[in-house]
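Two complexes are shown next, each including chain A; its partner changes from chain B in the first to chain C in the second.
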Partner chain A sequence: MLYRVIDAQELPALVRAFMESYEVVAPVKRGSGYVFRAVDDPADIALSYTMTDSSVKKYLLPPDEPLMRFDARTNLVEDFHEEVTPRVLFGLHACDINAINRLDLVFRDGAYPDPYYCARREATLVVGISCMPGDHCFCQLWGSDEVQFGYDLFFQDIGGKYLVSISSVTAANILESACNPREATDEDRIEFRHATRRRQAAFNPDIPRIEDVSMLMDAFHKDPFWDELGGRCLSCTACSAVCPTCYCFDITDELDPDGAHGVRKRVWDSCTNPSFATVAGGHNFRPTGRERVRHRMYHKLNGFMATHDRMLCVGCGRCVDACKANINPIEVLKFFEKKGLEDVE
Partner chain B sequence: MNATLIASECEARTQPRVVVAGLASCFGCQLQITNAEAHLLEVLGQIDLRYWQLVSSEPLPDEYDVAVIEGAVTTDEAVRTVRELRAKAKAVIAIGACAVTGGVPGMAAAGFDDRVAGTFAGAVPSACGTMRAPKPVSDYIDVDFTVRCCPIDSYDFIRVLQSALYGSNHIEADRTMCGDCKRRENECFYKQGTLCLGLVTRAACGARCVNLGRPCNGCAGLSPDANLEAARATCTAAGVDPNRFDEALQMFNQAALIAAADAARKEAE
Partner chain C sequence: MSNNRYGASIDVPAWREQPRPATGAELMAQNAYRPWPARITSIKELTAHEKLFEFRLIDDRLRDAFHHEPGQFVEVSVFGVGEVPISITSSPTKQGFIELCIRRTGAVTEVLHEMQCGDIVGLRGPFGRGFPVDKMRGNDILVVAGGLGIAPVRSLINYIHDERADFGKVTIVYGSRTPSDIMFRDQFEMWRHRRDFDLHLTVDHPDDDWDGAVGVVTEPMKTLDINPRNTYGAVCGPPVMYRFVVAQMRRMGISYDRIYMSFERHMKCGMGKCGHCQIGHQYVCIDGPVFNYWEAKNIQGSI
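Showing the complex of A and B:
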C-alpha cells in the first residue's frame, strides 16, 4: 500500500478532477441529517458528517432496477442494455466501505456473479475518509472502524492534512494530477497514531462490548427476549432500507399499459416485510414479528459469520436512528449484557 | 376495410368484458382512470368495456367477466348491486379507499342509526335509498383485486386490471410505509414531532404524500400487520399525543377499526 500526504485545502481540486470523468456522489447536509447525493460543487460536500440517513448501496444495488424487457405475446426477451454511470463514491466512512466489501462477497465473488452489480461496481471508485464515532456507532465491536481494502483512496484526517492510502492506479493518477502528494514525515505518522487513538477512545461507552456474539445468538435462540423485541416491530422495513449490507430482493414483472410488452424488475425486499417468507400455497414460515426480527438479527450477527467469517452488521448505527420501535443490534447487545449480569448473581 | 369485415373481426374478438360501477364515492377514482390519457386507448383496446357508470346512464348489462367497483356500500340497494356483480363476474376489482376500506363515507359508520335519525328526523328522502352503516365492498362479497388510495393512481389501476386479465406475480404489499420513505430518503415527520400515519398504513403508494412533503393520512388502509400499540408508543416518544393518532386513523380506517373492536369483543365473550 502506498501512503502520501496532502493538505486539506487540496481536496476541492481533487473532487473537481474526479468530476471531469465521473459523477461524484458525496455526503451533503439535508435537514437535520446528511444524505449521499450527486454533487456538482465541492463546496456542497459535508465531509465532517457523523452518519448519513441512508447508505450508498443504492448506487450498486438500486432499489428498483430493470433486469430485462420482454414481449408478452411471443414470450421472448427483448434486447436490454442499461447505461452504467462511471461514479466516485466520495467521503465514505470505514464502516460503509466494509459494507461494500460484504456486498462484493455476495454479488461479485460468489459462484454466480451478478452482472448488473458487477457492472456498477466495476465503474465505481471508492474514496474513504476517517471519522469520529457518533452516539449510535459501534463499528469497532466488529472491527469495521478500519478498512483494509475495497477503496481506491482513503483519507485519514491528521489535522489540516490527510494521510492518503492509495490502492488503485486510476485514483493515484487523478490524485497526482490534481494535488501535490508528498512523502509522509515522522510527524505525520505520529499524528496518525494520535488520531486513531482519539477515535478508539470516543465510542459510546454505554453500548455493551460483548464477546462471542454469534455464539450467544445460538445460545439464546428461544429466549422470550425475541417476543418482546419482535412484538414491537412496526413491519415497515425501514431497518433494511437504510442498512448498508441488507441485500435481499424480490423480482416482479410489470406490463406496459399496452399489455404487449413488459419489464422484469428487481426491487429491494426485506426479511422484516411480513410476506417475505410466504411460499407457494400461502404458508408463511415467519408469521410474526418475533420470527422476522430474530431472523434479521441472526443473519446480521450470526448467519453471515457462518458462511463468510464476518458479521453482516458493520455497526454503522443507521437502523438505530431509522427504527421507530427501537429495534437494533444495540438492544441485542444490552440483552446479552443483562443475561451475563444475571449469571453472576 | 368495409363494414362487413369490421363486423366479422369484432365477432372473432374474445376480449374480456368489463363493467365499471360506482357506489357511495366522489367518483374521483373513476375519473382517475381517464387521467391515464396517454395510454387510455391502449387499455380500452384490451377489453370490451360494456358499462361505465361515470359516462353512461345505460343499465348494467347481464353478462361480463370483470367487475370494477368504486365506492362504499351504504344502502340495501348497493348490497344487491355488489352481490349481483359478484355473481356474474369472474373477477371483482375494488378501486379507491371508499370501496377498499370504507374510506371517507366510512367515517359515518360509528353510531350510524342515531346519526341518520338526528339528521332526517325520521323522514329519510327516498333518493337516499335504504341506508345502512357505510362499509367496504369486501364486507359483503369476495374481492379478488384491490386498487388502494384516495384517489387511486391511474397506472396502478391499469396494472391491477391487467393482473385480472392476464395474471401476475405481483403480491400486494402488507408491510407498512416507513420503509418506502427510507427508500426515497424522505425526512421522517416524527423527527419534527409531526403525526404521520405511515407507521401503520400499507405501503401501497410509494409514500406519495410524504414525497410531496405532506404526512400520510392513511388512505391505503391499515396493513394487516399494523402494530397499533407500538405505533402509539412511537407517537408518545416523539411528543405526539397518541389520541391524535387514533383520531386521525378514523378518516380512512373507521370501518376496519370497528370490525376489529367487534371481533375482539366477541373473542372476550
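Showing the complex of A and C:
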C-alpha cells in the first residue's frame, strides 16, 4: 500500500477536484443527525460525524431500480438504456467500506455477476476516513474497524494532517493534481499508531465481547429467547433499510399509464417483512416474528459466515438506533453474555 | 455494459437487436435477469388446477445453449404481471422443448392458464442444482412424490425412462389428495405396464371408482423391499411430507447422503441474491433446490 501525508486544509481542494468529473456524495448534517447526499460545496461536508442515519448502499443498489423495459402486449423486452453517474462516495468509515466489500461478494464476485450493480460499482470511487466510535458502535468485535481493501483513498486523521492510503491509480492522479502529498515521516507513523490505539480504547465497554457468537447461535437455535426477541418485532423493516449490508430485494413489474408498456424493477425488500418467505398457494415458511427475526440475525451473524467466512454485520450500530422495539445484535450479544449465569447467581 | 471515461452505462437491448455472432451462452451470461421469448407449443390439461405446458425458445442460439439437469427450474415471465419459478418437468433427453407443469395458484399462473398455443412468454434459466444423475447411474432409485411434487421428479423419471439400461430397479410412490388430482395419469398407466418400473399410487380421499391404495405415501413405502446400500431416494412434495418420508427412508436403511429432496421456496431472482428462497445460510435457488438429507439436516429450519 502506498502512504502519503496531506494537511487537513488541503481536503476542500481535493473535493473540488473530484467534483470536476464526479458527483460527490458525502456526510452532511441533517436535523440532529447526519446523512449521505450529493454535495455542491466542500464546506457542507461534515467529516466529524459519528454515524449517518442510513448507509451509502442506495448508490450501488438503488431502493427502486429499473432492470428493463417491456411491451406487455407482445411479452417482449424493449430497448432500455441508462447512464450511470460517475460518483465519489466521500468520507466513509471503515465499517461502511467493509459493508461494500460484502455487497461485492454477493453482486460482483459470485457465479452470477449482477450487471446493474457492477456498472454502478465500476463508476464509483470510495474515499474513507478514520473515526472514533459512538455508543452503539461494535465494529471492532468483527474486525470491521479497519479496512484492507475496497477503497480508492483512506484518510487517517493524525491531528491536523491525514495519513492517506492510496490504492487506485485514478485516485492517486487526482490526489496529486489537487494536493501536495508528501512522504510520511516517523512522527506521522507514530501518531497513526496512537490514533489507532485511542480508537481501540474508546469502544463502549457495556457491549459484551462475545466473539464466538456464530457458534453459540447454532447451539441456541431453539432457545425461547427468539420468541421473546421476535415477538417484539413490528415488521417495519427499518433494520434492513438502514443496514449497509442488507441487500434482499423484490422484483416487480410496473405498467405505464397506457397499459401497453412498462418497466421491470427491483425494489428493496426485507426478511422481516411478514410475507417474505411465502410461496404460491399461501404457505409461509417463516410465519411469525420469531422465525423472521431469528433468520435475519442468523444471516448476519452466522449464515454469511458459513458461506463467505465473515459476518454480514459490520457493527455500524444503525439498526440499534432505527429499531423501535430494541431488536439488534447487541441484544443478542447481551443474551449470550447472561445465558447460563442465571442459575449460578 | 460499456464504460465511458469515468462512468458506465446499463443497456438491455430488445431481442431482435441482439448481434450475431454472440452465442446463446454469451447472450444468457450478459444479463441473467433478462427473460428470453419462448413460444407455447402445446398445452395439456392434467387436472382441474394443473396444466402441462410445452415451450420452445424462439432464438435458435438460446435453444442450443439451453441444457438442464432434472430438478432445475426456470423463471417464467408474463410482463406486466410478474415472474414465477417453475421446475422443469421434461427430461434433459428431450431437447429443444421445455415442459412445465403449472398449477393455477397466483397472478402469473392465472394468466398462463388463459394462454393458448402460439402465445409468447419470457423464460430465463435453467437455475439451481438438480438431482445428481451421474452419481445415481448404476443404482436403484426410489422416487417418492406428493401432489405437485411429481413435477420436478418427473424430469428424473423420464430421464431414467430414456436411459433405462443405466439404472437398476426403479420404484415410484406417488400420493395425491383424490383420484382426480393424480397428474400424468396416462404416463402412470404406461409405467404401470412396464415390468421395469414398480409403481405405487395412493390417495388420501378415494372416490367410488378408486380401487388403489388409500393413505399417506409412507404406507406403501413400508411394503417395499429395497437394497439400501444400492438405492438413491428422490423426494418432492408438500412441506409437511418431507419429515415422514425421510424418516421412513432412514428406517429402510438408506444413508443420509443418498436421500435427495427438492425444496419449494419462492426463488425470485434465481441467482442467490434476492433472499426470498433462503433457508438458514443456503439459497434454494443456487445451492438447491435439490439437497441431500445430510445437507438439509445442516441447514437450520429446512425440514
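Keep this in mind: the second predicted complex is superposed on the first by the 340 of 345 C-alpha atoms of A that agree within 3 Å, B and C clash if a C-alpha of one lies under 4 Å from a C-alpha of the other, contacts with A are read in each partner's own complex, and residues count from 1 in each chain.
One rule holds in what follows: a residue touches a chain if its C-beta (ideal position, glycine included) is under 8 Å from a C-beta of that chain, and two chains touch if they have at least 3 such contacts.
Keep in mind the model is a prediction, meaning the values are calculated, not measured.
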Which superposed partner A:P63 touches (first chain B, second chain C, both, neither): first
First, second, both or neither for A:V242, with chain B first and chain C second: first
Touching partner for A:L255 - first (chain B), second (chain C), both, neither: both
Which of chain B and chain C A:R209 touches, first, second, both or neither: neither
Contacts of A:K324 with chain B and chain C, given as first, second, both or neither: first
Touched partner set for A:V106, first chain B, second chain C, both or neither: second
Which of chain B and chain C A:G303 touches, first, second, both or neither: second
First (chain B), second (chain C), both or neither touched by A:Y116: second
Winner by number of chain A residues touched, once chain B and chain C are compared: C
Touching partner for A:V84 - first (chain B), second (chain C), both, neither: second
On chain A, the residue positions that both chain B and chain C contact, one per complex: 72, 251-253, 255, 259, 278
Chain C residues touching chain A - in the complex, by the definition given at the top: 1, 3-15, 17, 30-35, 37, 77-84, 103, 105-106, 109, 119-122, 239, 264-266, 268-269, 271-276, 278-282, 286, 300-301
Chain B - residues contacting chain A, complex: 36, 39, 42-43, 46, 155, 158-159, 162, 165-166, 168-171, 173-183, 185, 187-188, 190-191, 198-200, 203, 223-227, 229-231, 233-234, 237-238
Chain B-touching residues of chain A, taken from the complex the two chains share: 30-33, 35, 53-54, 63, 72, 231-242, 251-255, 257-259, 268, 270, 272-275, 278, 289, 322, 324-325
Complex contact set, residues of chain A against chain C: 21-22, 67-72, 74-86, 106-107, 110-112, 114-116, 118-120, 122-123, 218, 221, 247-253, 255, 259, 262, 264, 266, 269, 271, 276-281, 283, 285-286, 291, 295, 298-299, 302-307
